[in-house]
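The structure under discussion is supplied below as structure tokens; questions concerning it will follow.
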Amino acid sequence: MSRNGPLALIFHTLFVIFTLAPIVVVCVVAFTPEGYLSLPTNGPSLRWFRTIARYPEFINAFWTSIWLGTVSSVIALAFSVPAALAIARYDFTGREALTALFMSPLMIPHVVLGIAFLRFFTQIGIGGTFLGLVLSHIVVVLPFALRLTLASATGMDRRIEQAAISLGASEWTVLKRITLPLILPGLASGWALSFITSFDEVTMTVFIAAPGTETLPVRMFLYIQDNIDPLVTSVSASVIAATVVALIVMDRIYGLERLLVGRGSGDR
Amino acid sequence: MAFLVLDGLTKRFGEHIAVENLSLAVEQGEFLALLGPSGCGKTTTLQMIAGFVTPTSGTITLAGQDLLAVKPAKRGLGIVFQSYALFPHMTAAENVAFGLEMQGVDKSERSRRVTEALELVGLGKFAERHPRRMSGGQQQRVALARALVIRPSILLLDEPLSNLDAKLREEMQIELRQIQRNVGTTTILVTHDQSEAMALSDRIAVMSQGRIEQIAPPHEAYERPATPFVANFLGKTNVLQAQVQSGQALLGEGRWPVPAGSPPRVLVTVRPEKIGFADGGAQALAGQVVTRIFQGNHWLYQVDTAHGRVTVIRQNSGETAPAEGEAVRLSWRQEDMSVRPAETAR
Amino acid sequence: MSAAETEDRRSWMPYLLSAPALLLFIAIVLVPLAMTVLLSFHDWGQYKGIETVFILKNWREIWSDGYFHEVFLRTFRVAFLVTLLTAVLGAPEAYILSRMKSPWKGIFLLVVIGPLLISVVARTLGWALLFGGSGGVVNKALLNLGVISTPIPFMFTETGMMVALAHVLMPFMVLSVWAALQKLDPQIENAALSLGASQMTVLRRIVLPQIMPGILAGAIIVFALAASAFATPSIIGGRRLKVASTLAYDEFLNTLNWPLGAAVAVLLLIALVLIIVGSNRIIERRYAEVFR
């Protein structure tokens, strides 16, 4: 294909600078040796990264996020697989409506979800608990899990299963030996995307998390509301670094484009 | 009673009738081809036999037993799909072994039969290969071995060769025919390729719009097509309108006897390769060559006559070929034409 | 194989398979949402707390109080401008990306859409650092380059909010346009060039019309997310510059007037659903040909 002209390249350079600037600045400032926000002009220091260790609230929040992401993604996937098979395989009354319902958390502002869950969980007595967090996160990551499961279920040649049936396999055997192994890549990427979505979610979680069950982004958000100092910068830089590593790994394994094209929720 | 009997089989998808009142009997060991254009209901018929599509009405019996009462997994049929539908995460041997495993065949017996089956299709060396790393022809053979190894009562083939290139297709046709002869499994082949159907099968069932037009051995269907559709579908043909006078069809200066009781207007069907150029005499239809195309081992002519344009195919045997624009006289043998009342023309 | 090819519309299998997810959604999505709508009709008082009555007090307050109008107007104004900004910058970038050669294409695609997966809080923090109170990095750079003569206030302004939100949501626009570009046949461009069209004409007459559905689909996503954004407007806008979602948050967790907060949230939801469904309709009708 033809190359881009000089004007296009200038535009592209500015665009990339715009994209990377805020991310890079966080990572650079995180290495300041000073006690205030500044660029590490006198050489980088790990001072603020070491300081994180003295703030158990961040460490605990990190583990809460990891657990929450892991558990809710697995459960969301467990609900998605049968639903995806139903939607992909059968033409039934209410199919469109059901799909729309399962995808709806993408369209509902997360503030609304946060409020709804806060009210609901308080009423049924699980306000501020980890259980509440898990339930709410299942809902917001389910569309992602479902979309990728659905993509691989519809992409699969139905005749392969028919071939297995004609050879005498029971429905359970077909599911276990043929269907699941074949949609596994879709499941894995669905899980990964769900995990990241859960890990990043802040808007909804800020309503329902209590001091003991704060997730990392919630803790960071609340911290920033009070003051911005090098500590939260170094925490952010760590999160960024971890995400970038995960991103590169996923790009290698599954292809980021394939994972993300058609994705639909952002400032969570 | 025949081995496999389909009786009054009908399948509706909403308003659309995919298969209509189809009846068919297949003998044990027979190779039957279901031939018809795209969308005529071949796959639907096959899927009903396999049990993946439930008929709207009608019955299927296999060896006297009601097949519709049997679950697809218990029918014991071997199926080769157009896309092969191999299990991509299993090797060739694992693919072939799957059906035996489902039958609970023990391990040593299993591996013996898998090797045997792969050998039968000439893939002994490819047992540990995954389908993705095999050519189309090899995949097709794995699919065949997988279907045959369970010793199916019937082998169902849905356009198994349509994904192969012309040369490989011909090779596989020969191989398929040989394997079927050796194993002796009753086989139903779905295809839209008339030459494939004729090359492989004992009998052809020609389908059109969900119905069977004719069931006959290949040469009979070709020589004596029951309907204009069959005539047209099984190769090129000429259909000429003719008047009948005192038991003879009038075509130009030619007069061909027609069966007694023919109506005054008939359709005469003659295959292009059965028409020759006559030197003189009365039994001929006069015309003028419009185009002449050289096609290697034969010439293809379009000749304009008083009864419309006629296609003529002549073997390239070295005789002088009439040039374009030349006047010619067409003739054919009485037994090479078929006559039908004009009213039934569709 | 399409779902339509499977037969038997009356099979209970699909219902059985989707029953778990359906029950889950009824129990923890529909019920809570319904409760929230109900909540917006309840009464609240500083001392009596929430009173489960059915009154229009909160809705009347939003309807008549100029402050709420201001907040909702700001919400949709910011969302609209952010959408415009992402379209104007994101669409050309997607096109440039699609014309890059092999290793660069992949690398820059990763650079441009990768931030989508990076925590919104971290990215917004970056902008807060760049804007930095009054004399942040951005202003210094712009002053040095001579683009501006006096510093632009970014922090605690709509401008800053828009820039940061545009950054946060840009990947969605690029992805959406990228997806549309992938469907484009490169030969068509060459065909137009061979017919004597200039590069500019090809862009305007051939490429743009074909990727328009992608831009519009991206615009709907960006608009919806910008209008319901929370963390970014909250950090950049500070305590005074409210948008609908930060206002709802305030009512809930600071003022503790849950019914009023619920009314604000429900109104945001209704407005967004109407806008999204409406524009989807229009786009689908307009571009039915291209979408097919």
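Lettered A, B and C in written order, each chain numbered from 1.
Keep this in mind: contacts are C-beta pairs under 8 Å (C-beta built on N, C-alpha and C of every residue); 3 or more make two chains touch, one makes a residue touch a chain.
Nothing here was measured: the structure is a model prediction, and the numbers come from that model.
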{"item": "Reference chain C; chain at largest CA-centroid distance", "value": "B"}
{"item": "Pair exhibiting more inter-chain C-beta contacts, A-B or A-C", "value": "A-C"}
{"item": "Whole-Å separation of chain centres (CA-atom averages), chain A against chain B", "value": "55"}
{"item": "Geometric centre distance via CA averages, chain C-chain A, whole Å", "value": "17"}
{"item": "In chain A, residues with contacts to at least two other chains", "value": "157, 159"}
{"item": "Residues of chain C whose C-beta touches two or more other chains", "value": "7"}
{"item": "Interface residues, chain B side, partner chain A - complex", "value": "50, 52, 72-79, 81-83, 85-89, 98-99, 102-103, 143, 146-147, 150"}
{"item": "Chain A-facing residues of chain C, complex", "value": "1, 3-7, 9, 11, 13-18, 20-22, 24-25, 28-29, 31-33, 35-36, 39, 89, 92-93, 96-101, 108-130, 132, 137, 164-165, 167-172, 175, 178-179, 186, 199, 221, 224-232, 234-235, 244-245, 248-249, 252-253, 258, 261-262, 265-266, 268-269, 272-273, 276"}
{"item": "Residue ranges of chain A touching chain B (in the complex, touch as defined)", "value": "157, 159-160, 162-170, 173, 177-178, 181-182"}
{"item": "Chain A residues within the chain C interface of the complex", "value": "1-5, 8-9, 11-12, 15-16, 18-26, 29, 37, 79-80, 82-83, 85-93, 95, 98, 101-102, 104-105, 107-112, 115-120, 123, 135-136, 138-139, 142, 146, 154, 157-159, 196, 199-200, 202-203, 206-207, 216-217, 220-221, 224-225, 228, 232-233, 236-237, 239-240, 243-244, 246-248, 251, 256-257, 260-268"}
